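Two complexes are shown next, each including chain A; its partner changes from chain B in the first to chain C in the second.
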Partner chain A sequence: MASSWCWNCLSRLRPLSRALTAPSATPRISSAPFHSTAVQYAQPAKKKGGSLTVMKHRQSTSLRRKKKKVTERSRPPAVGERKALRKRIVLSNPNALEVEGMLDLSPETMVDSRLRGTVLGLPVPMIDRLRAVQAFKPKQGWSIFRRPGTVLRRDTIEMGRLFEQISGEGDNAQKGKVVKKIVTGMKGSGKTVHLLQAMTMAFLKNWAVVAIPDARDLVSGGTAYAAIEGSNPTQYVQPNATSALLSRTVDANRELLASLKVSQKHPNLKMLKPNSTLEDLAKLGFTDPAVSWAVFQALWTELTATAPAEGLEKNFQPRPPMLVTVDGLAHWMTESAYRSADYKLIHAHDLSFVNHFLSLLKDGDSLKNGGLLLYSTSSSNNPNPEGFKIALDRLAARRAGISPSSPEYPHLSAYSDADPRVLDLFQSAEKSLELQTLSGLTREETRGFMEYFARSGLLREIINDQWVSEKWSLSGGGVIGELEKLGRRVRGTVSASK
Partner chain B sequence: MAWHKSTSLAQAMRSLRLTPTLSKPKPSLSRTYATEAEAASVPAAAAPEINFEAFTQKPARIIPSSPSYFSGSPRFIDHVLQLESLQAKYASLPTVATSDAPRMAWFKLPQFRDYVGEPVPMKKYKSLLKILQRLNRIQPEIRPNEVQTTLSAFLRPGNPYAVETIPRTVDEHGRARGKGKRKESTAVVQLVEGEGEVLVNGKSLVEVFKRVHDRESALWALRCTQRLDKYNAWITVRGGGVTGQAEAITLALGRALLLHEPGLKPVLRKAGAITVDARRVERKKPGRVKARKMPTWVKR
Partner chain C sequence: MVFILGVNFPERNLLKASRTLTQSGQQKSLETFFGIGNNTSARLMSRFNIHPTCRVGELANKQVLDLTAVLSEMKIENDLRREVLNDIKRMKETGTYRGRRHALGLPVRGQRTRTQIKTPVKLNRMERRL
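For the complex of A and B:
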């Protein structure tokens, strides 16, 4: 290539025209002289046209997203925390309005028929004791009100009068009377709350309360059990469940038990000091589950004692009446989940704990100092044993005045597999046992109940007779659980009834 | 034909049957044409002999009695022509309004096609119906017999409008009965005056319908008219699911309530308590997974 300098004068020659220069091997950067990257390294130009015009063939055109992997950030809740949350009982809600002029359940108000249909608050000192006997259940809707309260319905007032009678007060006092009732009713008809009201009344009247909050716990195989040696047929004790019952009973009836002294002889409880209270006696049981069953039997004989044993007269005080409640009775009318040594299912009646409470139902004064047995069924958690159903039908028939010889009296069907032990139990209890079927509230009671919702700020409706009777019909005739659902339901702005 | 193409088989036959049965067509088998004059000497086996003496005038060719003989549907057109002439004849007679004319059950199209024996198109039958309706509007008192008999020829057998439906009422015990259907469910409601108690299949409303929404929709007829505390209902409901049963009850209850209080009809209609929902489950089709759903596409 010719140099651009003149060989003779060393002066610049005219620049050569481009046409004469040979094409160089490397491409020149013509357009962007300051770029540091050469053109050949640039990305190839994108094809024109949006993605919509480019058809995908033979594959799905829908958007596919990669699933994000969920990384475990926090630890799962600790053992038992979820259950504790599920079983938590909240009895108060500071957001709810305080109902003005709300009366408490008291010995005066619980028999006052003028207050029928109003909601009475549970007395504050009783709440801890009620908690101790597990009278409250998780899903009863206590947590939407300022303080727990129950409606005074017809059955409640009748029960209040019964408490008065048995306590030996009022007009027709029948001190020492024993009333045995099985409480049934539709789902949500208030059976468990009825028991709660009974317990409150018992506390108000200073009765001794023994409560089994869930009958299923004793037969579901969740607690330890042991055969009683030498019993025929073999009986079984449940030491842990018994000691739990003792501790609940002591928590709830502490004042009463502390005021009563041991008045009977208990030769198989060597560690019992003389002159100790019933509270001390019960405490023996829940410190040592091994003796809990013996302690429970001792406590029971103490509570049902009518007279002191010889030599122990000086500290004897008359024992108060007793309230015994069991919730979910149907679970005790089948085989339990426990197994015997030869791997057969143990019948619930062979568990001595269960048998003790069931034998109270039988005819005769099972509670020597009088009292009330309230055994309720459950319709949401019900094993529905055939024999128990028939037995309840027979109870209802007998109450309706149908004689057992009449054809209307419920009979077993030909191939029925009803449990003969259950039938025998109810056969032996037929004279004194009553069946109480809780039905719905009346319209007036419904009105009082719904007004309580309105005054608590939950319900924003004008409560008139028409509205009340509409809700009464929708709740299947005043079933209180359904009324509660209707009362707490948040409604839209547009009223449907307009 | 066998005698035109004598196949080997035919030859074999002929050799067997010596009598020449198929060899030659008989003169008696020759066709006759109705419109042609035929020699009297030929003995006709199929058609009776035409007597030419009966004709007053001897036409060049025989004309069919109906002018519409050569049309596609002569009998139908005959009917139309007859009706048109009637209409023209009695056009001057006074008429009544359409709503006041007696209700007539004219032939449906398939029945009319059977009646005339011709494939009558829908549109043409409608034009015939128009003439019939016009004739029917002639005042019944002065309607000529001729019109009456003609019109009655076009009526379906067994006059369906003669059967008067007996309006349902509340019975002597004060019960109103209403039936309703929705989806696969059928409900029967016995409604009496009362305090708002409801039993469904002998059970409480709460036991049958767990959802509040279903309860509300079942009692919607009473609720929207604010009659919930004025009637007792005894309900039987069968078939279907929960929603279907609830909405079948709505309809049955609305109908039963109408018997007690017919004045509530506009309210109930507006509230949708007596509107029938006739939808049923759409059938599954071959080649589809469900009624409409197509199978998933699989790449070979």
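For the complex of A and C:
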């Protein structure tokens, strides 16, 4: 402790009590030899270390912070779990009200024009089979209703009648007829659900159903491919995709395939036992992908056979008509993501799987026992190849009666890079191919559809003509996808509108 | 586990590297070989009809053998490293401008040196490593 006397001037400094000075916050300076000024008056010591204002040469001036390491706390989801969640299809909602008096889609109701505009439930035994052919898509609104149902619209009734005709029932039966259609329409117009209705009808009529739920899967480079040796131009098989198709087809048509016996000779398939059913035949393919393409071809010849081969007449039963559906056709009208051995993109038509299904569109009886080809486009996932667009326009023009020589007929623009292979395909299919454009529902159908929402407890509105008319306009003229969006928007209170 | 050119590849790995997986830095793929990048690996795979999202476990035996055969003939890994180092050494020895820049730890291809020359400072030195 310094003395309270200054030795230099001998003046008395202000006395301070000991208690105040003792716990001094300032550091005690003991090395100030010639002055005895009290420690508490001393300047605080300067901090050591470089200040920010002193720049070093070539040093960045930006503020550097150490990044915090993100430590993973939970385990990542198991392999395939996220995809399973993404692709999950929920078909029932126990919170939704059960709609009383709801009819099922059946051979009788699907052609009944009195029921037009009502929502018909999908028959319960069909649901597993429809799941097997992947007729339901994850983003469709099945999960808001008690049970899956579809609206019976004009196109559905027409299709029902077509099914009757081809099956050889009804007034103007045309057994063995083949109808080839491309289904188009704007986004949300119900193209995929139209295919689903077709599949349900086909199951109800005991047809064979072969469905390709997403055409893109075959050309996006996500499944194995192999060149067929000796083919010119080189064709490619997709063994895994084929065996997946076989397994889907067997799951969906198990009863039918189990009841039909092999009636043709298949020299390529040595492991096929005599007298086996078509189910056994198809099973060969999905246990061993290497032979799946040969098995698929064999199954196809069996299903389209009209008469048995020699020596196999004993077990032959007439084959049923077939329904073939493809969703997202536009992906097949351009080059695929696969590459050939010399690193050129492979055209989708060179994949023999794709080529098989496209060649069914060409003129002539591709399905010998009759049936329906429904190939739909997709508007939400569309590569929009120019050749396909022009080909569809031409198809529409031809149906409208415009001759190819007239100036209104869609022509290629001068520098168009439309794919000649696509144009050729449609050229060779022009006689039998039809274009079906799905548009919006009518007002009456809209009313029936919205009433279904109300009766399921989703919509708390009084449904009258004015309200329906408003929603019909809001949905762009009854586009069913837009109507669904309007219907599922839950309101808290009952609107007072009358 | 599948051996391709003496390297052990876990079966569930993508054969070609996908962007998300390589970021984690743990995936072994064709592109982990020095000298094989996006283009080379894509060409290699299309040569043997292997689809772009193929996993190592999905390869047929023949495809594995074919890949190994082709890879063993390519100049990759240490051979390629040696070649690049030799090229740099030759430039240094003949005293070319590029050689000098390599030796001085400065950018070689005419970049400015006022800022942003971290990479040459790090890499270009007398005893160059790759």
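Going forward, the second predicted complex is superposed on the first by the 419 of 498 C-alpha atoms of A that agree within 3 Å, B and C clash if a C-alpha of one lies under 4 Å from a C-alpha of the other, contacts with A are read in each partner's own complex, and residues count from 1 in each chain.
Quick note on the criterion: contacts are C-beta pairs under 8 Å (C-beta built on N, C-alpha and C of every residue); 3 or more make two chains touch, one makes a residue touch a chain.
Note that this is a predicted model, so its numbers are computed, not measured.
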(message) Once chain A of both complexes is superposed, is A:Ala396 in touch with chain B (first), chain C (second), both, or neither?
(response) neither
(message) Touch test for A:Leu269: chain B only (first), chain C only (second), both, or neither?
(response) neither
(request) Using the superposition on chain A described above, determine whether A:Ala224 touches chain B (first), chain C (second), both, or neither. (result) second
(request) Would you sort A:Ser473 into first (chain B), second (chain C), both or neither based on which partner it touches? (result) first
(request) Would you check which partner chain A:Gly188 touches, where first means chain B only, second means chain C only, and both and neither mean what they say? (result) first
(request) Using the touch criterion from the header, give the chain among chain B and chain C with more contacted residues in chain A. (result) B
(request) With the two complexes superposed on chain A, say which partner A:Ser340 touches: chain B (first), chain C (second), both, or neither. (result) second
(request) Kindly classify A:Glu482 by the partners it touches after superposition: chain B alone (first), chain C alone (second), both, or neither? (result) first
(message) By the touch definition above, which chain A residues appear in both interfaces, chain B in one complex and chain C in the other?
(response) none
(message) Which residues of chain C touch chain A once you look at their complex with the stated criterion?
(response) 12, 42-43, 46-54, 58
(request) Please give the residue numbers of chain B that touch chain A in the complex, ascending. (result) 195-198, 204-207, 212, 215-216, 219, 222-224, 226, 228-229, 299
(message) Give the list of chain A residues in touch with chain C in this complex.
(response) 79, 221-227, 236, 337-341, 343
(message) Under the definition above, what is the set of chain A residues touching chain B in their complex?
(response) 58-59, 186-188, 465-466, 469-470, 472-477, 479, 482, 485-486, 489, 496-497
